[in-house]
Amino acid sequence: MTVKICSAAEAISVVKDNDHVASHMWGLCGTPGHLYRALAATNVKNLTLYIENFLPGPPGTVEWGFPDPTMLLSHLKKIVTPYLGGRAYSRTGMQADFLGDLIKSGKLETEATTHGVFMERLHAGAMGLGGFYSPIGIGTIIATGKETRVIDGKEYIFETPIRPDVGLIKAAKADKLGNLVYHGSARAANPVIAMASKMNIVEVDEIVEPGELDPECIVTPGIYVDYLVKIPEGDIAGAKNLKELVKLAVALVNK
Amino acid sequence: MKERLDELVMAMRAVRELKHGDYCNLGLGIPQMCAANLPEGVHVQAENGVIGYGPLVTTDNVEQADPGLIDAGAKFYTPAPGMSFFDMLTSFAMIRSGRLISILGGLQVSETGDLAIHSLSYNDEYPQIGGSMDLAWGAKRVIVTMTHTNKEGKPKLVKSLTYPLTAAKCVNLIITDVAVIEVTDHGLILKEFAPGWSVDEIRSLTEARLSVSDDVKVMEL
Amino acid sequence: MKERLDELVMAMRAVRELKHGDYCNLGLGIPQMCAANLPEGVHVQAENGVIGYGPLVTTDNVEQADPGLIDAGAKFYTPAPGMSFFDMLTSFAMIRSGRLISILGGLQVSETGDLAIHSLSYNDEYPQIGGSMDLAWGAKRVIVTMTHTNKEGKPKLVKSLTYPLTAAKCVNLIITDVAVIEVTDHGLILKEFAPGWSVDEIRSLTEARLSVSDDVKVMEL
Amino acid sequence: MTVKICSAAEAISVVKDNDHVASHMWGLCGTPGHLYRALAATNVKNLTLYIENFLPGPPGTVEWGFPDPTMLLSHLKKIVTPYLGGRAYSRTGMQADFLGDLIKSGKLETEATTHGVFMERLHAGAMGLGGFYSPIGIGTIIATGKETRVIDGKEYIFETPIRPDVGLIKAAKADKLGNLVYHGSARAANPVIAMASKMNIVEVDEIVEPGELDPECIVTPGIYVDYLVKIPEGDIAGAKNLKELVKLAVALVNK
């Protein structure tokens, strides 16, 4: 399929009620904030969100307007994540039990996992597996309700693949074929999500001609990319603004 | 009350377990404080996909802060020669490879080296596990840095965990604010104590059975 | 005997199934011949970890041959803008992603689209499977190019396979040296025949039940 | 562990009888020929070899002296591979049933797999899994004797992880910390093997200082590398000689 280069609103319109959506989130870094805002502006309901960390951005970023996954809450039926940020809420002055109330009232389902198991479940989705026996979390809350099996004298937990309908991806740069490069540890889970998802929408700071990216350094080949969105100049989620935001953030975060 | 070591001193003691050529991952809290005092040639890995990065950015070199260069605690770091970036599937293969030393915080460690990192008291419905279970399971060596007792003065070295398990039989060394304790097949062994502390005083703060090493000594810092 | 299409013509017919923006993987044999005639904007993937590469090196541009640039058949290719390299775990995730069109050779295809690529007659003890089972299972669309009958004149479109299975119910389209046949939920449907051939003549070379499409026509090349 | 930079003979001396050894082989490309020759020169016995393709190099390369895995035959107890090259033997004038005789006489065990399953089994080793349910090869010879399981209405085969004792890796360039970059499709299975193996020996054409490789483009981080061997100038497996060999090979291979 040819990559479609379009606006965030147009790309995000392919997300349907009840879809399973995956995205990376690690503070400001590798988080597709431009796409979060576009998704938050839709009327899509009952999404299941697979995400690394579900919490607001680091101190200060909420006030500064950097989009974070908590703005998607009203669109979500379920969150699957290794890290659900109740405490971060209170830190930024939001109601500390906001998530807890949603969960206790049954309006929001959650499923706990670990970062490593989460990555492997996405990988299993990418490879078409039926499931795998994982060594992580034996005897812990992660194992609750799951099948276990002893293999060669060791106990394992049966974990299932994740194959999201849509991946929301943040990359630094793309060529017009959709080949992606990332920047630093903003790479993170983005390439893993891109390979696992049935369809991918990618936000980038720059789009270049094919051949401009070093073929040895392309991380996500364009075959995985369906929609490509260039973050508009001046957008808070763009690289230039992030760079400014970071200068302010250091005093708060790196203390 | 006798004086206990502060968090920075505990971190510095932990750092002495690392030598040139070692790879390590530093958990949130006290372990993160190790970063500022690492010996030359020790490489730090972060779960979100980087290894071998440089010191954290400070307000003095804030112009070096790069939104793409954050560690697992979302702090901004500086680049260093020989560092590399990779995706988080690779990162967790690395974490489980037995090639990293993992320095973690802890709420409790049991006599058999079981580790509890997370409380469920606040986040009853949604534990914040992150990568801790992977880090505790897959490391070449797990070093836990934590206070010897909790805020209520209760021992954190216990017969068996009362907090939820992170990983069983995973801890190799415990560095507290009063002692250094090795986890062996024969239980916990006191190797070092803080200046001014006696073995009996440490035992009185410890619920777990605690043997004493033949060459037990005062902690060198 | 009526004239049959040669391998190059079969490959050219297969190429007509590909359009701008498509990604494909070309198996050994006839499928490899597609490479020289691809429409613009079709990207070729090779199992050993490359996508979007350029034409093969020939004796005319041998100075461009690079020992690091070989395809799945170990032939040397030239670079092209937008190509990329990746490891073979990524390569097979891609192959299983449903995003590639797979053009394969074949020994037999059954009425239900089961495919046999490997004989065991020679390598009884050690089949040469390579990536064929992954390619047949994971593609968006599987196109098989093969002669309509084998060297003994026996049909290769059979009721059920006599050669070992590669993947069940995986074939979408069969291009032979006398016909183009679609595999549907209702069995095999003849869509096109080679110039000078009749439906009955093709049926006489086909063991599998063969329906005829309402708009059956002479193959356009 | 600090990377040890040494000769092939010294590095390969860590391989012990009965070890499980893994290596890539795809013609001349990404194949650690320099290490094969060093291993062939030892007296190590009863190795299990995990390899992409087990066959001589492409036409001509055997005569030209490029080392290939068939030179390891007398050291092997078992070969696990998706592609065992009986036919290639006859093409290069060697006895066509050489492998067959070894197998039929019980002197050599073999285990068939597919390239994709092989990669996933290595990955499962790297992640410490107990096994996984694979969709590939249902009803085929690959499934023979293996457990199957229906998950969500689809049938899967239980496949086990591969965790080799030693990986023999071919990379283009390393820095002194063992960080590796590859060249073109010579990357192939090398990074996957490096992550799965308990110990890795790497042959490279060039060793540079830390910082000379772009951190965005390092494929295998140095943490996975134990021994680093610089291929001596003039060695047949070196880049310069391969470049010459390839010119001769085009007429035979790309016909």
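Annotations for the structure displayed:
Think of it as A, B, C and D in the order they're written, each chain with its own count starting at 1.
Following the convention adopted for this analysis, a residue touches a chain if its C-beta (ideal position, glycine included) is under 8 Å from a C-beta of that chain, and two chains touch if they have at least 3 such contacts.
Every value quoted in this text rests on a predicted model; they were computed, and no experiment measured them.
Chains that count as touching both chain A and chain D, per the definition above, are B, C. Work out the mean CA point of chain B and of chain D, and you get 37 Å between them.
Note on chain placement: the centre of chain B and the centre of chain C lie 55 Å apart, centres being C-alpha means. Computed centre separation for the pair chain C/chain D is 28 angstrom, with centres defined by C-alpha atoms. Of all residues in chain D, those touching 2 or more other chains are 116, 120, 123, 127-128, 135-136, 182-184, 215-216, listed in ascending order. Counting partner chains per residue, chain B has residues 85-86, 92, 96, 137-138 touching two or more of them. Working note: touching chain pairs come out as A-B, A-C, A-D, B-D, C-D. Against chain A, in their complex, chain C makes its touches with residues 20-23, 41, 43, 45, 51-52, 79, 81-86, 90, 92-94, 96-100, 137-138.
The residues of chain D lying in touch with chain A in their complex are 116, 120, 123-124, 127-136, 149, 151-152, 154, 156, 181-184, 214-217.
Residues 26-30, 52-53, 58, 82-87, 99-100, 103-104, 110, 112-117, 119-120, 122-123, 135-142, 172, 182-192, 219, 239, 242-243, 245-247, 249-251, 253-254 of chain A are the ones touching chain B in the complex.
Residue ranges on chain B touching chain A, taken from their complex, read 46-50, 56-59, 62-63, 65-71, 74-76, 85-89, 91-92, 95-96, 120, 122-134, 137-138, 164-168. Residue ranges of chain A in contact with chain C, taken from their complex: 1-3, 123, 126-128, 175, 177, 179, 195, 198, 209-211, 213, 215-216, 218, 221-224.
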